[in-house]
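Next come two complexes built around subunit A: one with subunit B, the other with subunit C.
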Partner chain A sequence: MKTYIRATGNISPQKSFGHQFLTDVIEHTGDRLTCIEPDYKGIIDVKLIRRMSRIIKMGVAAAMECLQESGVTVPDAITTGTAYGCLEDTGVFLTKMVEHNEELLTPTAFIQSTHNTIGAQIALMLQCHHYNNAFVHRGFSFESALLDGMLLLVEKEANNVLVGGIDEITNISHSILRRMDLYKRQQISNLDLFTTKTKGTLAGEGAAFFLLANESSSNDYATLDALHTFYKPISIKETEQQIVSFLSAQSINVNDIDLIITGRNGDIQNDAVYDQLQRSIFKNNSAGNYKHLCGEYPTSTAFALWVAVNIIKTAVVPVVISKAIKNKPKKILIYNHYQNIHHSLLLVSAC
Partner chain B sequence: MDKLIANLKVQIIEQLNLQDTKPEDIGDDQPLFNEGLGLDSIDALELIVLLQQHYKIKLSNAEDGPKVFKSVKTMAEYITEHQPKV
Partner chain C sequence: MSSPVFVVGLGAISAIGNNVAECLTALETEAAGIGEIKNLQTVHRGKLPVAEVKLTNEQLATRSGLPATISRTALLSMLAAKEALDDAAIKDLSSLRTGFISANSVGGMDKSEDFFAEFLVDNTKGKLRNVVNHECGAVTELVADKLGIKNYITTISTACSSSANAIFLAARLIKHNMLDVVVAGGTDALTKFTLNGFNTLMILDQQFCKPFDENRKGLNLGEGAGYVVLVSEKVMASLKKEAYCTLSGYANANDAYHQTASSPDGTGSFLAMTGALEKSGLKPSDIDYINLHGTGTQNNDIAEGTAIKRLFTDRYPKMSSTKSFTGHTLGACGGLEAVFSALAIKHGIIYPNLRLETPMTDLPFVPERKFLQNIPVKNVMSNSFGFGGNCSSLIFSKI
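Presenting the complex of A and B:
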């Protein structure tokens, strides 16, 4: 059974809100890419905004834009994926614990700091009492939310599902992650990410939502044909086998793929996996990248999916994604790995 | 009392993050909950913490809540009555 992607909503370090698709590429300098946010007052009730941290506002606004485009007012289910959750409120709560000696803690930051806050807040705003689940599985968080959504549709538990992938950078989280040597030491432009050939990447964040449906409409972006995840492959051979098996389960092979969107992030060690694949099973395929536009974060596959379905819908491959392809891609494979631990494959096709 | 009321309004706005609300927008006798300022149960918890943090007053009886938090004026009266003497 096919899963249709009927609508999207995306807040990212690019101008993606308002259904803009990389017409005006934004350059960031430094070691992190911060989202370009809309004025939330026209989207969320002011009385609710006052309690929302940045990630909640981003998630809720992206979800609202997605629902508005889909014409669905109350979805049959909501699934969200986030690795870090609502870090800003977590930081506020923990800081107050230290400052006030574990006494006099304000409830709002604690209530809003949980990983399911965004899905719950969307449901509260919509008065949606249907299935609602949040997945927190590091580099598989968005993929798990997506898989849950697909299963709900296949098992006819729902006719449509709102699925989102959300993560934020805060000053506290960024300074901790920086100490782990994850990011570039030198100040570079995100648009030069793949030319530095050095260690480290750029931190990223984003909130992307999709309305999945089990029936086609006249205005779908694409179909989501399949999704597969695999954990810590022991060798590049195993990765190759996983990819080949994934495609053969769909009765296709790599030659049927018009464009492969890879999760290159500019870190030489990370990108070695993609280099090897592009010398072996992907050697005849056109490839594109996306992490120079959104940065590296555990749910970045949500941004990649947004890129892929927009390419299919508009029949245009922005040069900033790939210079190698001119034809209208009908079948796109997304292959991403997060720290060579969490590997995921998503296959999308034209309707 | 007037100074205490003025301070309370600033502290309430800050604690509850009442964006676009200025101290002069809150009337001394204006109800804080429901049809007044529109606060809710989570805000009530925040106000209890505010009393403890800024005035060292612990609301010992939860049933006093609706009376104490009726308006900024009733809060100020409660603080004046219960603030520990230095």
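Presenting the complex of A and C:
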């Protein structure tokens, strides 16, 4: 199911927009990493900007940057993944509904609260009548969108597909998730995420889009060779088996992997899974991390994919990703688990 | 890739019945499920009619084996998905690669609303258990875990076309030989959030909805869940039962006209129907029945009707909107209507479009007004069009 990643567009807590690749790493302090947003004028019609909530603007702008780089004006399909959807609009409508006891409500926030809004807004701006789908399955949201896109290419229903992973933090969602004990209690720098060895992670968000194509162009970032997800493994043994059989289905083994990008998020319990794997099947592999740069959120693998394809394209592993430097990696495995429920594997190779 | 995908199990719960048999009886006896609000705690009670499932959360919990404290969206889903799986009667399910692809638009919003009332007063208040399953995907997982399905699980949310897209993806995963069996469809419970949202759009009829009537005034919201069990040709050969039908065609297109309104000529609907026909290798004249999206809004019915007029030109199949019975169940409607489509093929029946008095003057056809039986129904098209311009059509075919 090999596909080519022709272009990317990414708005994240790092300076990623404008195709910058971690040249100037941004430090955040606190328990929340917020996206660095571009000036949307010039990317989105000013009249539309006023109406759009933050996640819609981020999603649409990342998609537009991706399309612009690809040279494709109207993609053959658009698939998006978001676990939480348009939280800000949901919160606005819900708050007014409760405060005004279901009276005097206006439709805008409700209209924009639906989970397919970003994909729909992109289609509307591009006048794109093609296939359009939206996945909303927690830590599998982006992976599902990616799989759908890859299948469309295999089926020859599309020659190119715009795929995105988008999630936002709002004040409301953050205060609720914080009460669930997901984040660190002490104020730390995101760059110290892996040295504190305590409970909790940092909240993150982002909007990353990719143009997948079934044929190579002269200027692709990388190939996305395969994708696999597995749900609630019963033991670390099962996790190991899933990883080994994923690689063998691609006729490779762990020794063929130049760099493994893991989803470590700084929470000691969460990271125990990676610790165990790095003592067993991954013991001879160079490993890198990404969540100290974007925070933890259900569609963070979209950020990880952006990191992986940029490493392959630039042939440099930024020190902030991995100190175990093996330059010019040809094969990168992304392995992430979200709350030990949603596990995903993405295999990326040099073209 | 061209191997057929079979529909071998059906499950449904809606305002017209708590299972497939009850729904079918209501369709035959022309008994709509719309009425005054009974379960939902809202100021609109007594003013806006809705199509509620006639069971409380406690009753749903008892029947489903899930706790009554979880979202009604999950409780409804569990009952219909379990019924579909039981109906399929697949032995040794654990030896097969099984998926659960469910759709919904509200997730656990019914519980989040309860949480929010307390949370807004003091953000250290509100029971976390009421918001922990807020996400659409959480609802799917509650049911998948109870059903014991784990090989592939995902959730789709494209507003009113959500569950049609879930069934569509399920068929493709089987054709790609990634899964053997998939329970696919969708669920949605009525919530204050959706009721008030649609109310602000001023597309709710204060009387019972009248899809495809010249004097239609809007839709009635409904709730429910509908699932089909799809299997590969190989699994089909091992079953002792007959399949209901095959899923022979499907397509997804975007209207790209407006976030909530359909284009006047129904561009997205036209593309979805055309694409599904192409996929199935059928001609418009092969379609015997269209289960219309037919919400009853001014906008939907003229857009869908215009697209049908363009596509079918002069030979119109029989058609009807079963939303005149179930209300518009949003994320569940594609699943419920897939169940009704499969039953139409199996039993050779056509459902009536209730309360249609004055046919639309701009359309050259009139949906069926009476229940018909002993009709050869070989191919059924099921339309689901929604917010965000997301339009999907499915075609079910007799074997």
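Assume the second predicted complex is superposed on the first by the 350 of 351 C-alpha atoms of A that agree within 3 Å, B and C clash if a C-alpha of one lies under 4 Å from a C-alpha of the other, contacts with A are read in each partner's own complex, and residues count from 1 in each chain.
Rule of thumb we're sticking to: a contact is a pair of C-beta atoms (placed from the backbone, for glycine too) under 8 Å apart; a residue touches a chain by one contact, two chains touch by 3 or more.
A quick note: this is a predicted structure, and the numbers were derived from the prediction, not measured.
In the superposition on chain A, A:N132 makes contact with subunit C only, not with subunit B. Counting the residues of subunit A that each partner touches, subunit B and subunit C differ, and the larger count belongs to C. When both complexes are overlaid on chain A, the residue A:K283 reaches neither subunit B nor subunit C. Legend: residue contacts after superposition of the two complexes on their common chain; A:V154 is shown touching subunit C, with no touch to subunit B. When both complexes are overlaid on chain A, the residue A:L105 reaches subunit B and subunit C alike. Touch criterion not met for A:K197: it reaches neither subunit B nor subunit C. In the superposed model, A:R50 makes contact with subunit B only, not with subunit C. By the touch criterion defined above, A:R179 lies against subunit C but remains apart from subunit B after alignment on the C-alpha atoms of chain A.
Across the two superposed structures, the residue set of subunit A contacted by subunit B and also by subunit C is 105-107, 111. In the complex of the two chains, the subunit C residues touching subunit A come out as 1, 42-44, 105, 107, 112-113, 116-117, 119-120, 123-124, 128, 131-132, 135-138, 140-141, 144-145, 150-159, 165, 169, 172-173, 176, 192-193, 196-197, 199-201, 252-260, 267-268, 271, 386-390.
Within the complex, the subunit B residues that touch subunit A are 15-20, 38, 42, 45-46, 49, 52-53.
By the touch rule above, subunit A contacts subunit C in their complex via residues 78, 83-85, 93-95, 97-99, 101-103, 105-107, 110-117, 119-121, 123-124, 126-138, 140-141, 144, 148, 151, 154-155, 175-176, 179-180, 229, 231-232, 341. The touching residues of subunit A, when paired with subunit B in their complex, are 46-47, 49-51, 100, 104-108, 111.
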